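Some structures are shown below for you to check.
There are two complexes below, and they share subunit A, which is joined by subunit B in the first and by subunit C in the second.
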Partner chain A sequence: MEQLFQPLINGLMAGFIYVLVALGLTLVFSIMGIINFAHGEIYMLGAFVTYILTVSYRVNFFLSMVIAMGVMILLGLLIERIIFRPLRGHQLNILVISLGLAILLQNLALIAWGPDDVSIPSPYPEAIEVLGINLSMERLAAVVIAAILITGLHLFLQFSRSGRAMRAVSQDPEAASLQGVPIERIESLSFGLGCALAAAAGGLIGPIFVISPFIGTVPVMKAFVVIILGGLGSIPGAVLGGIILGVTESFSATFVGAIFQDMIGFFIILLVLILKPSGLLGYE
Partner chain B sequence: MKDRSSSKAKGFVAIVLTSLLIFGLYALAAAETFKIGIIGPLSGPASVWGQQIVRGAEMASEEINAKGGFPVGNEKYTIKLIPYDDKYKGPEGLTAANKLVFDDKVKVILGSISSASILAFQVVTEPNKVLVLCNSFSHQVLDTKKPYTFRILMTSLEKAPLEVGWVAKNKPNIKNAVTWAPNDVSGWDVTKHYLKAFKDNNINVLLSEYYERGTRDFYPILTRIKAKNPDLLYSCGSPPGDVGLMVKQAREMGIKCMIMGHAGSVEDPEKFVGIAGKKNAEDYTYGTDFNFESKEPKAVQFIEKYVKKYSRPCYGYVDPCFYDATMAYAYAAHKAGSLDADKVQEMLKRIPEYEGVMGAFKFSGKEDYGTDQQRLTTCFIAQIKDGKQVILSQVR
Partner chain C sequence: MNRKGIPPIRIFSITAVLVVLFIIPLIIRDQYYQHLMILTGLAIIATVSLNLVLATGQLSIAQAAFVGIGAYCSTLLVLKIGLTFWLAFPIAGAAAGGVGVLIGLPTLKMRGVYFAIATFAFGELVRMVFTNWVSLFGGVGGILNIPAPNPIPFFGGALYFQTKGSFYYLVLLVMLITILVNYRLLHSRIGMAFQAIEEAEALAEQSGIPVMKYKLLAFLISSIFTGLAGSLYAHYSHYIAPGFFSFWESVHFIIMAVIGGVGTVGGPVIGAVFLTLLPEVFRATKEYEMVIYAIALITVVLFLPKGLMGLLKRVTNGRGE
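On to the complex of A and B.
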């Protein structure tokens, strides 16, 4: 039984981190219609801000994460205002410039902090064993915090005024504009929120994995897979896609081999997309 | 009037001629510039090693230049370093070599540490007789048909028998092991050497796991490994960050066996402990090529200068390795009395009397590679104890 439950738990834990990174990406896509390749670097910078505050300034880890989210919201607003807004309507240009931004941010981080891997000291107690299954407290906490953030986002989108405005813009920007929704302000808000979620994911992984200027590439690739699997622009889809990807990878690596992990994961996604091209919960 | 004008003209000519003579003499007296190329990963996850190549070469070249350069025959040469980033990849290594050989016209290249890069750029350096002093683990880098490439650090071929031999001698209770490595040429090559060493020492390998570089979550692999219940978990060629993470996650998963790693698995013990956690890192055992607590005068002097220049501790072995390579090249060229590649490469093989920071600059390898172009260096077994590196023994 332990042989089945351990990979399942491993997969769920990994999946929730993917979801958190993917949510920010899908939020930005659904409202602004842009694919932001620099999203992984926002995740990386969120991790570094959390690291610097926790290790250099001895700020409480959870407070550091909240501050990192705030800092990335501000950076996100700046990026949206200065770089993406002038290019609205030119999706290809935005795609290319976001790639350039990703390279720029990565190299700035490399100059600032060097190439070495660093880690945030764990604020949690040691790993525990429950019924033969090993549970890392850091990962457990990451799952709980991710679940809280995902729930919070859902409630915000469903019940808040700004959230309803964001949903209206994602459905039909022209109609929303005619109803008096300030499109530019909503796009800025969604971009900032997307960056905050990426920063939160970055902060959460700090004590679990390592932080370096190069950690942004893999999560953003996984995030793309998740949002395509779940359906572009669908938040429930991103949640489902992230969990499926995490669990699939975990079982593949455990029972077949780590080198087949990505291959099997992508194969399953290919199958899903052949059968349902818009993704699991995407709109046709 | 005429006499005065004539005198003035003569005076003017005399001044110009004297100035030209002084300038010419000065030009003759000034040292020539000798360019040394560097190819290594200066960005990306492996840049920690690439930066070490640059630092080691910088320290050596500054030391040489401070003495007015290195003498070759009647000339003196000051060193100018020209680094290029290969990103640990073949195509970029080839591009860098093309620039260094054809544009910058270098006669010697330090690096790379990437097998893919070196194998790619040897097609440029070998036919153009450019000496390459490199460090990569692929067997194919050295060959009788590649007389201008020298490897200046021991590979897993040389180190695996020493490290595993130490295990067999000092940990007789270890009967079986699991190896894990990155899923690429370097990982496969290194694992092959360790598998042979384990076999030669009668330690049964239960499983050899490989993972894609960039993986951060080793829980799935460790779940498989835990099921095998090995006596020893051995890292074969993974970078320090990966090894630190693996050690941490292994202990979280409840894997209690001995964990050991190849030389290079720990570059900076403090950072390693920071990633793995002090309790998890306790007793992690590994090979290392350089004892940074050495009392040898050259090593002490090197470390003092390094700390002063870079404001960081010197834990890695790549820095002193390429320091030695730069100094040894200059010494070999001086002894050869020439910068001709054939003469210098012949002299490099004949200067075992040259003592570097990491010991004698002695080459061997005819038995394994068909040619004596593999440097033999020191090798130690170290362990993390109470968050710090402790040298347990010298195995070579």
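On to the complex of A and C.
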């Protein structure tokens, strides 16, 4: 039982973190039609802001995370306005500039905080025992908080006025514009929201893994797997894809070998793209 | 395009550039600068090849993987089978081309970000195979002691390739062939078909252009030359490791092509030269080197959408192709 339960919890935790990062990417893609390679650096900066607030200023961990999300929304809005908006419609150039941005943010972080790993001290009590299995609170809390954020995003998109406008733009920008939806405001909003989710993911992993300027690359790669698997632009698809990837990786690391943990995702991308490019829940 | 022959001024400037390229290692004897010239030449081969795929409207993030395939292929042929470099070199190009066709067939149907992500996944898979198949590819540590190309007889004497000065001429030759092939191709009917595909694929298909065939052709030729660059790199640096062929390396080639200007042959050449030498200029700034590099990149993309080549064209008042 424990042999299955531990990898399951680890897999779910990793999966929900992937989902948080992937949601921002897929949201921005569905609204703006662009892939932002610097998204992982927002995640990294979110982790650092949370770390600095909790460790240097002794702010409560959860409050720090909320502040980090706010700071990253502001940074996201700035980036969207200065860098992405002028290049609207030039897919190749947007891709390249987002790569440049990733290099820039990574190296600025390197100058500011150095290459060493740091970690946020755990804000939670000791591990708890459920059915004879030790559950680390950090991992459990990461799953719960991520689930709350994902549900929040779903409710926002489903029921709020701005959320409905975002869905309208993702389906047909021209029709939405004719109905009076302010496209540029909606684009900024989606970009900011995506950054907030990435920052939250960064904060959540702080007490579990280490933080360094280079941690942004891997989650973004995983997020690509997730959104391709679930269907590019599909929010429920990203959630499903993230959980599938996290759990599959965790089980293959436990039962097959760690080598395959990293390779499995890229096999999934190629297979899905070749066999069913719209993914599990995407529309053609 | 003019079919009535090349204007004399063009012939003159091309000859001048060629002469400079041939005598430059005789003048600049500094080993480090010669090293930079070789790296620039290799970057030009890879970037000009990438440009061919970009010219059909497909963004490939697997360029470094093809460099790696060429590098490992010719290294293994020489070290494990004992083949001479002069046989391993073309086989490495053919192998990269073969893999290009295999991966191109299922993926080139995809467009936009889908193709980009598919090639990205392929590139990472290739790197992981290099990393994890330790018995064949040597693992993370890579392969050491790769020999320089064997000497070849030359007018009674022999040409050696151990020194940087001599290896430079080998790279220069392959580079010039790459540029020539790409130039002729882009300025032929096939090149016009590429352009039609890039601008409006559906329309090109309807006007009878075999879109898939042309995309595959571009990908094949691009992979072959990229594989050749990889082989040259392996036998020049004598050492290869999976880390040299990562996602970020592929990104580097894309950045070179876009900074220079996609679509022409001149653009990627300028981009490769500019971005190989730019970090040298900023080396003194130490930890800010990459920051300046990134800011330069962002500025060029923001303000020069057609790259440095576009700027050059504007300055020279739209002359030249």
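Definition applied: the second predicted complex is superposed on the first by the 271 of 284 C-alpha atoms of A that agree within 3 Å, B and C clash if a C-alpha of one lies under 4 Å from a C-alpha of the other, contacts with A are read in each partner's own complex, and residues count from 1 in each chain.
Definition applied: contacts are C-beta pairs under 8 Å (C-beta built on N, C-alpha and C of every residue); 3 or more make two chains touch, one makes a residue touch a chain.
It should be emphasised that the depicted structure is a prediction, and the values quoted were computed from it without experimental measurement.
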Partner chain(s) touched by A:162 [first = subunit B, second = subunit C, both, neither]: neither
Touched partner set for A:7, first subunit B, second subunit C, both or neither: first
Which of subunit B and subunit C A:224 touches, first, second, both or neither: second
Which of subunit B and subunit C A:119 touches, first, second, both or neither: first
First (subunit B), second (subunit C), both or neither touched by A:103: second
Touched partner set for A:87, first subunit B, second subunit C, both or neither: second
First (subunit B), second (subunit C), both or neither touched by A:273: second
Which of subunit B and subunit C A:212 touches, first, second, both or neither: first
Which of subunit B and subunit C A:95 touches, first, second, both or neither: second
Shared contact residues on subunit A - subunit B and subunit C: 107, 110, 217, 259, 262
Subunit A to subunit C touching residues, read off their complex: 29, 35, 83, 86-87, 90-93, 95-97, 99-101, 103-104, 106-108, 110-111, 217, 221, 224-225, 228, 232, 259, 262-263, 265-267, 269-270, 273-274, 277
In the complex, subunit C residues that touch subunit A: 54, 59, 106-107, 110, 112-114, 116-118, 120-122, 124-125, 128, 132, 247, 251, 254-255, 258, 262, 287-288, 290-291, 293-295, 297-298, 301-302, 305
Interface residues, subunit B side, partner subunit A - complex: 43-45, 47-48, 51, 183, 209-212, 214-217, 219-221, 223-224, 227, 240-241, 244-245, 249, 251-254, 268, 271, 274-275, 277, 279
Footprint of subunit B on subunit A - complex, ascending: 3, 6-7, 10, 13-14, 107, 110, 115-119, 121-122, 126-127, 129, 134, 136, 205, 209-210, 212, 214-215, 217-218, 249-250, 252-254, 257-259, 261-262
